[in-house]
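Structure provided below as structure tokens; questions to follow.
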Amino acid sequence: MTAVDTVVPRRRNRDARAAWLLSLPTLVILLALLGYPLYRMILLSFQNMRLRELITDLAPPWAGVDQYVKALTDGVFWGVVGRTAAFTVVSVTVSVLLGLGVALLMRRVTRGVRLFMMIAMMFVWALPQLVAAQAFRWLTDSDFGVLNYLIDKIPGVDFANHSWFVNPWEGWAVITTLVVWAGIPFLAISLSAGLTQVPKELIEAATVDGANAWQVLRGITLPILKPLLTIVTTLSVIWNFGLFTQNWALRDSHPEPVYQTLATYSYTQAFGQSRYSYGSAISVITVLLMLGVMVFYIRQMFKIGEVD
Amino acid sequence: MARHDEDVVTVGRSRAGTVTANTTGILFGLIMIFPVYWVLNTAFKPDSEVRSFTPTFFPASPTLDNFRSALGEELFLPSMLNGLLITAMAVAAALVVGFLAALAIARFQFYGRRAIILVVLGVQLVPFLALLIPLFLMLQKANLTNSLIGVSLTYLVLLLPYTVWTLRGFISGIPRELDEAAMIDGCSRPQVFWKIILPLTGPGLVATSVYGFIQAWNEFIIINTLNSPQKQNLMAWLLYNQTERGTAWGPLMAGAIITSIPVVVFFLLIQRNIATGLTAGAVKG
Amino acid sequence: MKRKIAVAAALAATLFGAAACGGTAEDEGATSATGTVDGKGKTIKVWLMVDAETAWKDVVDDATKRFTEATGAAVTVEYQQWANHLTKLDATLAGSDVPDVVELGNTEFSKYVFNGGFAELNKGDFENSDTWLSGLSGACELEGKTYCVPYYAGARVLIYRTDLFEKAGVTAAPATYTDFLAAADKVQAQNAADGKFNTVYMPGQYWYAAMSWVKSTGGDIAAKEGDKWVGKLSTPQSQEGLQRWVDLVKKYSKADVTKNENEQGAIVAQGSSAMFYGNAWEQGAAEETRKDPNDPNSALLPTKVKGKLAAAPMPEVPSFLGGSNLGVTQKSANKELAAQWVKYFTDAKSMEGLIKASALPNSTALLDKAATDNPAIAPSALSAKASWFPPNAEKWADVEKASVLQTMLTDILTGKKTVADGTKWADEQIAATLNEV
């Protein structure tokens, strides 16, 4: 024991060097392919890079804060921000509530049914996002889609040729359904794992004392589940705020203005309209908008001890 | 799959309640699975049944034509090969590089450790699409657009933080006493890593690489922006496969199934480890 | 003495072409397509759109063969998809390993010509260049210079069900717009029982069609006044035409107002549509489908409407002239070879092949020949004579990319905006985009 003690200070030193050496490749790669692009993105957002600068080798002219002024004074841009935020709030609320509901339901059903629910969710979860989106595009097709066919069967309802994307509310309902449908497995399965942490003695005692199901949920289950719930909600916010695949694929790679989110808007501005600088400015604003949520997430990770 | 029948609370539960719950559960499962079923159903129908105003709920004359058509499409197999190559390169590089960093974070207490953790956790949250514009310009300057290497590099960055983070978890799970014992037996630090920790992290490496595979395999926006159709992966193929008669839904759905098979198989194989990876932040189905 | 040097330099430039001058000079003059070039051991890369592969691969092969015999250079052709080829092109042009020849849609060319993506060519080197269809060549010209070569065109026609027309007592293809509406009324009355029936299948984001109706009453999309572009959709003439189209869609079409025309062949093939507006080849696409949709060589299977379709020019509605041009990229290392390949691929022999494959040739002089050689494209060749094309503005492609017209049409058809409001909004968007610096 004493021998080890005297070795410690020198080993600390050596350890630090070894640790930095081991981390070096990772740090270099992150710096070169993430840090530098991040810097370039910010730089680009203060320039005016268009197609001419891209295909000839001209340096893009300096534009100061023009791109930001352009974005922040543009009603269309604010529309996109509002839409993205509203979608995030609605889709996250719905998916977390449904996920929690399903997790609770899974505790209540018999084993066979639970297995069936798990298998169904596993398949949905495993399905690549784009495949899922293409599947929904096909289900809701106005001419050949099975959804219209089924709804049309309801007596007195004429849904033949109904187009789901004429009315933005309906279109967004389809997109939200897709996102929620694809998100439920992750939420339900991880929350259901969290539910096993709730001591059954506690619930039984409360039930015996006459607490109803709602009281048990509010008084016992939710407080214990809270850290996990916070993490999965934060993650859902981060993912859904960056919505791209679903609205992109459902609108056949050219979403109309009412179906643009920050991610697709920045992408179409940059790669569709060759406004690389304007697209970058929008990306910078997006990252800034997300920063609060991200900081919150990382602090949570540290707090619940995931980190050490 | 979790088996916690024993600790399910049974006090105060009625039979009627269980029946209602079971019915709801089955209904939920059916609704969830329906879109997946519809993809399968479509893939096995001939075109005349697919593009019909009256959809059939089972293929009336099941056929493999759609699969043949997708596989025979001139870019399908090259796309598959490209996807495999890119994914393999990115995953392998991420594993090697990430394992080293994970060792550092999991096994050493050193100045700057928290900072590294912060970086690794933080960069996972940066919306990667936001970086697509500068990455595109950088790779183009390096003549790496329209190349498999360029895409692999971007995927490597996409996978690396997550890989470090999950491997760290697996390494932390190995008791330190094992290291100490080996060192008392005369092993050097590198020998401990090589002979003790690496073999014991085996399952973790498999799980992490499978996640990496899924992430890279499912990506289509970056590759579609950087590369021409000849250097796409299967996801990009799925997005843009159009014929002169519009979308050929049958072959498209067949292609979607072929594309999904490796993902689904891998996913089901490692679903036990999912819980570990979930809250680490990078996994999304 | 000085003059002599200048003449010698000019001679040298014509003899050895631009390749000798290196790639970075500001104005290196036009690339010649007529000199003799030794291309042995060299390979040029050609990007064509997928249509060439599915419909006239033999023409590509033949032109390549003649080119290789003459120059000794090899050719690799890569076929691109329409859906995302511009993003792809940007990514490639930005690098240094670029294709030597690129095909783009006629409405897409201006943007690249204006931004220095394509090399100047010698107009006179190409066959029929004095009778090029102006709808195609317009995009190639900038400040009196030529940067691309028209390749092929397509004009839209009325395609209708002969059996349904007969049943409704309509004996001939409509000769006037009034005839057309009368025929539509009769067919509509006859088929009122079918809930999915489209008298005229007209998807709501089919802007080529809508703008053709705008043109039919003397309207226009945009025009340059001085050095500024001005949106013209809200002028009374334009609104009148658009209103006619909107009335048509509302009365006779049940098509999805958020879809474009990509699937119209497949939908008409279901048998519940009497008329649609499309390219000549779409008649075939509706009558027959490929057994394997991904294999252009697989067997053709008849659909429900096989043998029941006919085509005629849409009366009193000038057609949008669609089509493609070919350009030699500014960054190409083999400009002269590339220009020579373009020459072979657009000469009279290649055009004959295109006509056989039901595409329209690139020259007005060949349109009549096309009509007699291939009766299937006669109506469309006729349509091409009275045709229009979008504003030849540098940023027109951005207007298309931003779906301005499609959004306007959907908004008007769903009643969200009136024709007056919708066109006013679109004019603002178009002017803002086209005038942006």
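For clarity, chains are labelled A, B and C in written order, and residue numbers in each chain start from 1.
Keep this in mind: contacts are C-beta pairs under 8 Å (C-beta built on N, C-alpha and C of every residue); 3 or more make two chains touch, one makes a residue touch a chain.
Treat the numbers as computed from the prediction; the structure is a model and nothing was measured.
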Length of the shortest touching-chain route, chain B through to chain C: 1
Chain whose mean Cα position lies farthest from chain B: C
CA centroid of chain A to CA centroid of chain C, Å: 40
Centre-to-centre distance between chain B and chain A (centres being mean Cα positions), rounded to whole Å: 15
Residues of chain B engaged with two or more neighbouring chains: 51-53, 137, 225, 239-240
Two or more partner chains touched - positions in chain A: 54, 143, 253, 271
Chain C, residues touching no fewer than two other chains: 83-84, 87, 94, 196, 263
Chain A residues within the chain B interface of the complex: 12, 15-16, 18-20, 22-23, 25-27, 29-30, 33-34, 36-38, 40-41, 44, 54, 102, 105-111, 113-132, 134-136, 138-139, 143-144, 146, 149, 181-182, 184-186, 189-190, 192-193, 196, 200, 203-204, 207-208, 228, 231-232, 235, 238-239, 241-242, 244-245, 248-249, 253, 263, 266-267, 270-271, 276, 279-280, 283-284, 286-287, 290, 294, 297-298, 301, 306-307
Chain C residues within the chain A interface of the complex: 83-84, 86-87, 90, 93-94, 111-112, 115-117, 195-196, 254-259, 263, 267, 330-331, 398, 401-403, 406-407, 410, 414
Chain B residues within the chain A interface of the complex: 1-2, 4-5, 7-9, 11-13, 17-18, 21-22, 24-26, 28-30, 32-33, 35-36, 38-39, 42, 50-55, 97-98, 100-101, 103-105, 108-113, 116-123, 125-127, 129-135, 137-138, 153-154, 156-157, 160-161, 164, 189, 217-218, 220-221, 225, 235, 238-240, 249, 252-253, 256, 259-260, 263-264, 267-268, 271, 274-275, 278-281, 283-285
In the complex, chain A residues that touch chain C: 50-52, 54-56, 142-143, 158, 160-161, 163, 165-167, 253-254, 256-257, 268, 271-274
Complex interface listing, chain C residues touching chain B: 51, 54, 78-84, 87-88, 91-92, 94-97, 196, 262-263, 265-266, 269-270, 272, 281, 285, 289-295, 301
